Every structure is written in C-alpha cells, then in structure tokens.
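The following pair of complexes shares a single chain, chain A, combined with chain B in the former and chain C in the latter.
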Partner chain A sequence: MQLSLTDQLQWIADSTSILVPELILVAGILSVILLNIFRVVHFRIYGAVAIASVTLSGLSVLLHWHTDPVSLFNHLLRADDFSSAYKLLFALGTLLTFLLSLSSGTSNKPAEYCSLLLTATLGANLLVMSTSFIMVILSLELISISTYVLAGFHFTKPGAEGSLKYFLFGSAATAIMIYGISLLFGLSGTLNFTSSEFVSHLIAQHSSLVMLSGFFILAGFLFKASAVPFHLWAPDVYEAAPLPVVAFLSVVPKLAGVAALLKFTLAINLFGQSFFDWQTVIAAVAILSIVVGNLSALAQKEAKRMMAYSSIAQAGFLMAAMAPLSLQSMQFMIFYSAVFLIMNFAVFTLLQQFETTYKTTSIHALAGLAKTALIPSVLLTMALIALTGLPPTAGFTAKLFVFSSIWEAFTGTGKSILLWLLLIGLLNTVISLFFYLKIPFYLFIRANTLTEPASAKSFTFTNLLGLVLVIALFVFFFYPALLMGWLNRINFVL
Partner chain B sequence: MTADDTFWVTRLALAAWMLPVVSCVALLFIPSGLKKRVPLVSSSLLFLAFISSAFVFVSVWNNPSVVITWNWFTFNGMENNGQLRIDNLSALMLVVVNFISLLVHLFSSAYLHNDAGLKRYYAILGFFTFAMLGIVLSDNLFVTFFFWELVGFSSYLLIGHWREKPEAGAAATKAFLFNRIGDAGFLIGIGLLWAQFNSLHFETIAKATAATDPALLTWISLLLFCGVMGKSAQFPLSTWLPDAMEGPTPVSALIHAATMVAAGVFLMARIYFLFTPTALVVVSTIGSITALWGAFGALKALDIKKILAYSTVSQLGFMILGMGSGSFSGSILHLFTHAFFKACLFLSAGTIIHYLHGVQHKTHTHFDVQDIRNMGGLRQHLPYTFFAFLIAGASLSGVPLLSGFVSKEAILTQLYYTTQNGNTLGWLFLCIAFIVSFLTVYYTFRMTYFIFFGHCRIADVIQEAKAERLPLILTLPVSILAACSVWLIVSWNPSDFSGWIYNGLGNPVPHHLIITVISSIWVVLAFIFAYFNLRNKPRWSPIRFFPDLDVFYTVTLLKPLLQLSRYTLSFDKKWIDGSIHFAAYAQVTIAKAVMLFDRVLIDGAVNGIARLAGGIGSITRSLANGKIQSYILWATASLVIFILWILLS
Partner chain C sequence: MAIEHLLYLSAFLFSIGLVIIITKRNAIMMLLGIELMLNAANLNLVAFGYDGKIEGQVFALFVVIVAVCEAAVGMAIVLRVYHYYTTSVPDDISNLKEQR
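Let's look at the complex of A and B:
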C-alpha cells in the first residue's frame, strides 16, 4: 500500500504526537548532553533533569493512555494497553535507578551515565511498542549498546572485562537473531509480525525453517531477559557493574525482553494455528531458567552474583507466567513484573545500604550486622522473603497467581510440560529459600567474626526508599486488588 | 424472761462460748518471752467464761429457751440458717464444760509447767473448749457436725501433744480414724435428713417426724447413732479411747472423761425424737455390750489411766444403755455426775503420776509410774489425793450419799419402768445394768486397793526421794471435783434422784424405793465379794472373759486388708506398672525406629536432594567460567541441542 508524500508526512506528524513519553525521554537525553557542554559537574543536577524527564514520561503515559491500539509510523510501532503498562513500569524502574544512584553519592561522568540510562529506557519503551522486526532490532540495540557501556561504569579492570563480555555475548546473540529475522522475512515476505499477511504466509509454510528461524530470533530476547541458555553473561556483569546499574539491568531490559518475547511468541505461534508448539518451548525455557538459576545460586558467596542467578530464575518465573499464553496469564505476568520490580529494587536498595556502609556485598561479611544495622537487616529480610515467594508479601501473591494460571492452562490443554513447570516451580520455591534466607541467617544468627563493625546511620535516604518498597510489598499482599483491579481493565490486542 | 434478759443471756452465752477461742488466738500472738504467763492468761479467760456461763445457767434454768438464728450462707437462692439454742440442757453443759475446762487449765499449769509445747497446748485446749461449746449450743445438725469435726481435730492434736512419742502419734491417728468411721455414717444420716426434711434445724425436724415413715426414721437415727458411737467410744468403735491415754493426763480428764466423749450422749439427747423403739433396742444393745466390755477391760488393765479409760467406756455404755429406756434424763444426769467424779479420778491419777515422776527424777530409778502393781500404801504419802480418790471412786461405784449412786439409780429406775411396760427385753438390759454396776464396784475397789492400801512396793525409793508436799494448784482442782461428787449437787435427798437437775431435763420418771434398796444392797454385796476375792488371790477372775477387740480387729479386718493390699500392690507392680513400662519401652523402641527412619530416609532424602541440587548447581555454575568464548559456545551449542531435540521429537 503506497501512500502519497503528504499522507506519509501527515502520518509521521500524527505518530509523533502520540509518542509523547518517548519524546520527553529524548528531550531529557538531549538536555543532559547540553548540560554537559556547559560543563556542569554536579551529579545532582543531571540526576534531577533525568528524574524529571522520567517522571514526566511516566505521567504522560498515564495521561495519554491508549485503550484502543494506535499504529504509528507505517506499522513500525503500536501504542496499546500492554505497552503502556510496561512503559509505566520502565519509568518507575528507571526512576528508582536514579534515586538509588543519587543516594549512592557521586558518579564518574554523570552526564554520560544519565543519558545512557535514559537511552536504555527509551529503547525499552520502543521495544515493547515494536510491531516490526526492524524496530525490534533497533530498540534492542538501543538498550544493548547503552547497557554495554553502563556495565563498565566502575572503570576498573573487572568492570571493563564484564562490559566487554557483555558486548561480545550480546553481539553474538543479536547476530543469531538477525539471521533468524532474515530467514523469517524470506519466508513471510513482511517484517511486520503483527500483520495478517505474516500469519497467512507462515500458516501456508510447513517448513522446519520457520521453527528454526523462530528459535534464532528467540536468542535475542532470551539474551535480554537473561534466560537460559543466554544467561551466562549475567553473573560476571552483575558482579563487576555498579550496584544501581545492576538493579536496572535486572529489571528494565529484562522486562522489556520478556514483554517483547510475549508479543513475538504470540505472533510466531500464529494465534494457536502454528504446526509447531511454541508454548512447550516457552515452558521448557522457563523450567531450565528456574532450575539453573536457583541451583547455581545455592553456593554463591557474593550477594550481587547471587542476585544475578536469582534474576535468571526470576526470568524463568516471568516466562512461566507467560507460558499459558492466555489473556489472564498476561495480566498475571504484568502483576508479576510489577511485584518483581518492587522486590528486586528493594533488595538492591538495601544491599546498596550495606555496600555504602561496609564496602562489601560478600555474604560472609554480613555476619552479625543485624546488631548494628537493624532496620536495613529487617527490611532486607522481608524483601528476600518476598523474592522467595512467601506470605505475607506480594511475592507470594504474584507466584500464587502464576501457579494458578499454569494449573488452569494444564487442566485446559492437558500438556504435561505445564504440569512439570508447575511442579518444578513449586519445588524451586523451596530450593530458593536456602540461598535467599542465607543472607538473613548471616545477618541475624551468625556472630560477627571480624572487628567491631562501624555503626550505621539508621535514618538514611536509602533506608527510607527500602522501607517504602517493602511497605508496597505488604500492601499488594493485603490488597492485591489495588493492582489487579487496574490490570483487569486492560485489553490485550496483538 | 423479759426481752432485756434475753439480750443479756444471748450476749453472755456468746461470751462464754467465744472466750476460750479468744484465749486460743491470744496465745498464738503472745511473744515467746512471756511463756510463763501463758497459763495465767488462758485460765483467766476461762474463768471469765465460766462466770458468764454460770450467769447464763442461772438465768435460763427452767425458763423458756432462747434460740439465736442467723443466715449462715445462701446457696442457689436457698437460705441456710444456723441456729443456737440456750435451754436447760445446753446451759447445764455450758457450765460443766467451762467449769471442768477451767479446773483442767489450772491443773495443767502445774502438771505441764516444764513442757516445751506449753503455748501450743493451752491454745489447743482453748480451741477444744470452743468447739465443744459449739456442739453444746448448736440447734442445727449441720452446725453440730461442723463443731463435731473441730472437736475431733483438736482431740487429735491434744492426744498427739507429745509428738516425740511414736505411741502418742499412733494413738492420735487411731482416735481420728475411728471417729472418721463413725462420722461417715453420721454424714450419710445428715444427708438423708436433709433430703427428707429439707432442714437440719432440730425443732423443724421434730415437728415433721410425726408424718414420716418409721422405717426411714429408724435408718436415719441409726446412721446418726454411728457418729455417737465414734465419739462416745461405743462398741465396736471403742478401742481408741484406752489408747488415747497416751495424751497428757489433764487432757484425758477433760476430753476423755468429761466432755468430748460425752458429746455423743449429749447429741443423742438432742436428736432423741428421731429414735424409734426399734432403733432404741439397737442403741441399748450396743450400750450394754460396751458397758460390759469396758468393765471387763477395766478389770484386766494394770495401767492406772487405762483402767480409768476402760471405766469411762463402760460408763458411757451404761449411759447409752439408759438411753434405750425411753427417756434421756437419767443418762444426762449420769453424764453430769460422771463428768465430775471421773475428772476427779483422772486428775488424782495425774497427781499420783506427777508425784511418782518427781520421785523417779530425784532417785534416778526406773519403773513404770502408771502401773498399779508398782504402787501401794500411797495413802500415807498422798493423803489429800487419797481422800479425793476415795470419794470419787465411791461415787463411781455407786455408794449411797454420793452423786454416782443417785444418777445410777435414775437409769436403773428408768430401765425398771420399761420392764413394767411389758418390754421383755427390758429385763435383760436391767440385768446387764446390775452386772455392770457390780463389776464397777469390783474394779474400782481393786484399783483403790492396789494404789493406796497394803504394802508400799516402792517405799524405799519414796523414802530416799524425800518428796515435798504437792502444790496447791494440783490438789485444789482435785478437791473441788471431789466435793462436787456428793449427792447435794443433784438433789437434796440422797436417796431420791428426782431432784432439781433431773426434773429440769425432758421427761422424768418418778422415784422407786425398791430400786434404791436393791442397788444399795447390791453395792455392799459387791464390795464384800471384791474384798474377799482380792485378799485371797483368787483362782477365778472375771479377767479371762475380756475380749481384746484390737486383736480381734487385727485378725478379722487388718490382716485380710493388709493381705489384700499386698495382692493389689503386687498386681499393681506386676501388671499395671508392667504394662506401663512395656508401653514406655514400646514407645521408646518405636521412637528409635522412627528416628532411624527419619535419619536414614527423610534426612537422607533431604540431604540427598540438597547434595544433588548442589551438584547440578556446581555443573551449571561451572559454565560461567569467565571465558567469553566458551559462553558463546555453550549458548549456541544449547540452542543447537534444543533445535535437534525439537526436530527429532
């Protein structure tokens, strides 16, 4: 369908007016760079500008809520309920990252730091809106390249090493993905995976190449979500990167990857008409991620590295939430995403508190610190209980929703892989207890073997942030309707 | 009696009742430094009590009775009242109890002046007097039972006063247990009364008895009589009284001669309206057996106090026998006179024991001071005691001109009248009464003869000791009691029992000259027989007829009971304990098995899973070895494996 130039210009103008949240982010990026030109050195100024742009972006998402899907830029992007919900989560995640960064104090190259974080958020926003493979690759790379740099922001040798590994691994994953996209483009004749011709062409194809190309494209998403088998970069990068960056990496790109994966899976599954069962693949990947993440986390001695494996397992749970591929499961997935965002940030916030006070995140070094730092210890314990999925926290509610929707899907379809997913998920909740509660065990039970620890200030901004997040976890346990009632109104159209 | 009089009578009666317990409480708080003042304090209070009761007696005697009613407790909306009654009977007993208690208080101050537990002794003595007066004043069976038990308890404490003596403890326990057996029946009787009449007030019950089934009344009265049997040492619950002589002698005089044991007889007088003719036959039978048994016991006994105790049992049996005659007046009269002469005899015995103890102490010799075979010819050494003992003993024997003769005559006359009313069993009871009075003379003569006459068997020891004269505080109470043993205390005419006291008690019978003559002759005959029999060292003696009840109880009850308890014990050990041990062992064994199961299988499984998880974890972890080329290799390889698996499946 060829459009006239004026029509095309009109489309561009209309689309741009709808892209307000992204434009605000772009404005934020540009103003940060401009400030740098004027040799502003204070991290707080950059932070304030970035926080302002993120907050405004989030508010504009709320204000311009698109209940009816709107296609933009000749079907490159689409604004809808689903993407808006995730954009809101990304804004929240980035905001928390900035708050965490500010509370940790000064930063090297603040302008670059802020602009890169905003760019990654912009990439995440675009990724969840993408309907075209071109946009998928572009926004994935937008996230990837900025996070490659952010991962090395300690500017140390391990930091650089981690960053380089991340880059190389990511490049390989992207290469595989692009290969898959090119194959699929050849098979379907379109890059728009939500279009009807994409579906109709692929239904006509009975070649294994469709399946093969689908697997290759999966690689890119799994890399972003740090799911098995593209998870190997995570521990090294998490260990070497600054803590706020780790918190960001473990939430925003991961959620973006999972959300995009959902859209892609629904497309490649051809709305249930595919001869190949993609649900099984998602479930299998979820099982592997949960098992590998949890089992590897068991013996970790470093809190950040442990959290890396934990986030691999959590990616598995997010994919498990996606696995039923039903409308309700998507609502539960957003619920799980929101809760995961809160609890993960809570843990990292409190780890940050320990890191700034005691200059270490080694689990053994935390022994007996509950005596000197009671408030962060208690809050951290609660956040970890939420990550484990125990009541009375929202972590329990989220897992309960996920497991119940899997059970429903199993009773509906009778696929044994879903039952396995359910059983292994439950079993791994028990296993995860051992490493999550290792930190409270060291904090409260083990005596401090080292010298007298420095007494910590209880009333810090970091603690306050942690407290707010932990309270949110309790609130969503007791009133899950606050979130679910809102999610229930969301329509999902692909 | 005017209302004003009633007011004062009530107050004085309460004073007479409460002053002994005031003494008890006061002694509990007296500092131990004032220990020497203890007898003075409590005797003074008792004196006041005696004066009050004397006033009460004078005001109330032959006047309408005064009843005090108060709400004791309200249970389930039902008011339970307690009643006290001051009439002829209770006023008389009030005086007697307070009077003898006062004399015993005085006597004890000399008798027990070196005792370590003097304070405790006087306190319990006061408490006992209070409890006894509670029985006396009560007009409600439940109030009576309340004080009945307090009397039993304080008696237990007093018998066991010398707690270092094991015999005293055993005797106290025995007395307590025997009383419990009687009280069990008593309590059932009270329960039946309550169920039947819904009241325990004597007067209320008395009004209702006319319309009651006689068979039921017989049962109730006999059950209540069980209590009487326990307290008044009636056969077969009689053996505790001789044993109770382990207590201090003044206690024996007060409790086991004049007051507590008399409580049973007194209670019978109070509940006399309940006794049907059938029940009275049983009562008389029990009384006659007791009277005979006690008399034979007194013949056999050699311990001075035991003789007196058996004599008391016999006399109590005599009173109960008299109760069967259809009137309680004679028995109460005998109870009254007996209280004085028996207390006198006990205190005299106490004096003798005290004297011989002093002798023993000075000469450092050892002999049983209570054994009458060690005495003899004491009339030269203890002249006052001798005279008092003689008068009281003669009174006990029923020698004319003395109180005992008069009261015994009353009982005999009453029994005689029952035979005139066509009661054939009455002749049997009358014969038994005469036999008992014959035996009484015999054992009293024997006792007096052994103690005061003939050759003194320990004359040289007494000579050596040069014992000084007895203190007045010992001889005075004895003398007063001896003086109270003459006929004048009962009536003006020494041969006529129906004097001023007898006529004031319930339903009196007229005097009968035949009985007076026969009993006088009978006593003289008995004296002659006793004199010759004892002088000639007789081959025949009534002693061999004495059945030792304790041996009988031991053979018939105690041994089978102990055997049974041994069986049950062995059963308990073998089967009950065995099964418990077996259960315990089984439990431990199962627990060990469970523990083994837990260790090997459960823990093993858990540890195994943990080790497995750790092992898999270390494999998956080993993939992240830090080499980026191997990361990419593993990622692509697993993707290929994935694809192959999908393609091949």
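Let's look at the complex of A and C:
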C-alpha cells in the first residue's frame, strides 16, 4: 500500500495525537533531565515529577481508551484494548515503584534513577503496542538498556556483578532474537507480524527454518519474562539490586515480555494453521518455569533470592494462563497479571519495611520479629498466602481462572500437554506453600536467638502502602467481578 | 552472487559469535561475539532486501544504532566491574553465589 507524502505526513500527525500516554512519559523523562541541569538535589522533587507523569500517563490511557484498534506510524504500532489494559498496569506498577523508592529514603543519583525507570516504562508501553519487529526490538532494548543500569544502582560490588551478568545474558538473548527476526523476514517477506502477508507467506512455508527462527525470537521474550531457559540472571540480579528496582523488574518488564510473547505466539501460530504446534512449546516452557522456579526456591535462605525464583515460577503461571491461546484465556491472563502485580508489590513493600528497619532480608534474621513488628509481619503473611494461591485472597481467584481455562482448552483440543500443565501447576501450588510460608514460620514461630531487635514504628508510609495492596487482594477475592466485568467488555483483536 | 552465499556467510558469522560467547571467558570477548551475531543478522536483513524491500535495510540501520547503545552501556558496566574486582572475567566474579 503506497500512500502519497501528504497522506503519510497526515498519518504521522494523527498517530502522534493517539500516542498521548507515551508522550507524557517522554515529557516526564525530559523534565527530570532538565531539573538535573538546574542542579536540583532533592529526591522528592524528582519523585514528584516522575509520579505526576506516570499518573497522568495512566489517566490518559483511561481517557483515550481505544476499543477499535488504531494502527499508528505505517503499522509500526497499534493501540487497542489489549495494549491499553497492559499500559494501565505498567503505569500502576511504576507508580508503586516510585512510592516504594520515595519511602525508602534517599537515592544517590535521583535524576538518573527516575529517568531510567520512566524510560523502562516507556519501553514496556511501546512493546505491548508494537506490531512490527522493528518496534519490538527498539522497545525491548529501551527496557533492557535502562534496566541494565538500574540493576547496579546500589553502586556496590555485588551490584556491579549482578548488572554485568544481566547485561551479558540480555544482550546475547537480544542478538539471538534479532538473528531469528532476520530469518523470519526472509521467509515471510515482511516485518509486520500482524499483516495478512505474514500469515499467507508463512502458511506456504513448511521448512524447519520457520521453527528455528521462531525459537530464536522466543529467546528475547523469554529473557524479559525470566522464563526457564533464560532465567539464570534473575537470582543474582534480584539479590544485588535495590528493592524498589527488584519489585519493578519482577513486574513491569516481565508483564511486557509475556504480553508481547502472546501477540507473537498468536501470529506465528497462524491461527492454528501452522505446521508446527506452538501451543505445545508455550505449555512446555510454562511447565519448566513452574517446576524449576519452585524447586529452586525451596533451598533459598535469602528473601530477595527466594522471590527471584518465585517470580520465575510466576512467569510460568502467566505463560500457563496464555497457553490455551483463546479469547477467554487472554482475559484471564490480564486478570492474573493485575493480581500478580498487586501481590508482588505487596511482598516487596513489606520486605522493604523489614530491610529499612533491620538492614537485612535474610530469612533467618527475620526469626521472632513478629513480636516487635506485628503489623508488617501479618501483612507480609497475607501477601505470601496470595502468592501461593490460597483463599481468601485474589491469588486464589486468579489461579482458579487459569486452571479452569486450561481444563476447558484440554477438553476442547485433547492435547495431553495441557493436562500435564494443569496437574503440574496444581502440584506446584502445594510445593510453593513450603517456601512461601517459610517466612511467616520464622517471623511468628521461631524465637529470636540474636540480640534484642530494635522496636519498629508501626505507622509508616511503607506499612500503609502494604496495607492498601493487601486490602486490594482481599477485595478482588470477594468481588472478582470488579475486574472481570471490566475485562469482559474488552474485545481482543490480533 | 546468489543470495544463498550471503545466508551461508551470515549463518557462519552467527555460529562464530555464539561459540565465542559460550567458550570465551572474558566479558570483552563476549561483547565481540554479540557484535558478530548482530552483524550476521544485519547481513541477512540486507540480503533479503535484494528485490527492493527497503524494510530490511531500515531495520539493519536500527540494529546498528541499538548495538552501539548496548555496547556503550556494556563497556560502562565492564569498567565498573573491573574497578571493583580488577578482572573482567565473569567466572572469577562470584560474590553473589557464595552467599548461598
């Protein structure tokens, strides 16, 4: 389709007006950098600007909700329901990250910190909107490069190490992905994976090269989602990075990776007409992530490292949610993503409370602290119960939806891998009980063998934030319709 | 020259890059390997654009830019690691694993 120059310019102008949430984020990034030029030193000022831009960006997503998909910039991006829902989640996640960072006190390079976090959010926003491989690579790199730096933001020895490992893994995964894209470009003749040309050319191809390039491209998404073959960076990075950054890394890039993976899988599966069964691949990766994440988490003695393995297992559950590749499963995936965001941030907020009071996140050091810090201990227990997937929390509702949609897909298609996914998912919910409840066990039952701990203030901002998040988990358990009713109105278009 | 030759060359470059990443222990050498892999992809993208498909060549330009940004950040991280550990061999840096 060739357009005249005026039409193309008009398209660019129209597209820009739809891109309001991203433009607000860009304005936020630029104003943070500008403030830095004027030698503003207070973290609170930068934080306020960043929070304002994230909140405005989230609000503008709500105000300009695109029920009908709109293609932007010569089919590079597309604004639709699916991407809008995820953009809202990213805005919420980044907002919580900033609140968490502000409550943890000072940061040694506030301007860089805020602008990098905003940049990563911008990348996540663009990634879920992208329909062309050019945008996929650019937005993935926007997330990657800013998070490589954020991972080392403690400016300590372990921080540098975590950041180096993250970088080497990440850039290797991206290089493999780009090579896969170059092969797929040759086979399909287009970089736009939602176009009819892509589908019609690939249906004709029965070569194993399609399979190979598909696997190569999965590498980049799985790295972002920290799903199994590309999960090795997660524990080291999570242990070494500052807590708010860990909370951010475990939610926003992961959800962006999984959402983009869903779009790509639907495209390469060619609406079920592909000669190779990509659903099996997704289900297999989900099973592996759940098993490896949960079994490795059992042996951990450090809360942040344990949460890294937990987040690998949760990536597995997110992929399990998408495995049926049906319309309903997409709604459940967004539901799971939203609940996962809340419960993960709840856990990290409360861990932050323990870290600022007791300067450690080692599980053994938490022994008997429930006596001095009762409120955060109770809240942390609730959040961990939600992560396990037990009632009465939204974690249970989300897992129930996921398992029921897998069961439906199994009875519909009769693929045995889906049954295995269901059984292993259920079994691992039991296994995860052992490590998630290890923290409450130490907090409440083990006596403190060390010196008398300093008494903590109960009424802190961090505790309040944790309380709000935990209440949200209960609300979504008793009234899941609050979220599901809204998700049901969303129509998904590939 | 047929397009196959270019594809074989790019596959060869990609394999060399992958082998370098897996076998070499130095972070700088691994960066070199990554760069080779990216250039293999670029070669493919340009080769597939032989019949006037400009998309691939545009993408190749973007990949070059992305590679430069990545290398800049990567060098900065390697420099910082060298500052702390006086080595750039990732295997010799294992503070994080010992704590387990």
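Note that the second predicted complex is superposed on the first by the 494 of 494 C-alpha atoms of A that agree within 3 Å, B and C clash if a C-alpha of one lies under 4 Å from a C-alpha of the other, contacts with A are read in each partner's own complex, and residues count from 1 in each chain.
Everything that follows uses one rule, which is that a residue touches a chain if its C-beta (ideal position, glycine included) is under 8 Å from a C-beta of that chain, and two chains touch if they have at least 3 such contacts.
None of the values given here were measured: they were computed from a predicted structure.
By the touch criterion defined above, A:A172 reaches both chain B and chain C.
When the shared chain is aligned, chain C comes close enough to touch A:G189, but chain B does not. Looking at the shared chain after the overlay, A:L164 reaches both chain B and chain C.
Using the contact criterion defined above for the overlaid structures, shared-chain residue A:I431 touches chain B, although it does not reach chain C. Note on chain A: of its two partners chain C and chain B, the one contacting more of its residues is C.
In the superposed model, A:S296 lies in contact with chain B only, and not with chain C.
Of the two partner chains, chain C is the only one that A:I134 touches; chain B does not reach it. Contacts of A:D236 after superposition on the shared chain: both chain B and chain C are touched. In the superposed pair of complexes, A:L255 makes contact with neither chain B nor chain C.
Looking at chain A, you'll find residues 164-165, 168, 172, 176, 235-236, 299 touch chain B in one structure and chain C in the other. Residues of chain B that touch chain A in their complex: 610, 613-614, 616-618, 620-621, 623-624, 626, 628, 631-632, 634-636, 638-639, 642-643, 646-647. Across the complex, chain B is touched by residues 164-165, 168-169, 172-173, 176, 208, 211-212, 215-216, 219, 228-230, 232-233, 235-236, 276, 281, 284, 291-292, 295-299, 431, 434 of chain A.
Per the touch definition, chain C reaches chain A in the complex via residues 7, 10, 14, 17-18, 21, 27, 30-31, 33-34, 37-38, 40-42, 44-45, 47-48, 53, 55-56, 58-59, 62-63, 66, 69-70, 73-74, 76-78, 80-81, 83-85, 90, 93-97, 99-100. Of all the residues in chain A, the ones that touch chain C in their complex are 133-134, 137-138, 141, 144-145, 148-149, 152, 157-158, 160-165, 167-168, 171-172, 174-176, 178-179, 181-183, 185-186, 189-191, 235-236, 239-240, 299-302, 305.
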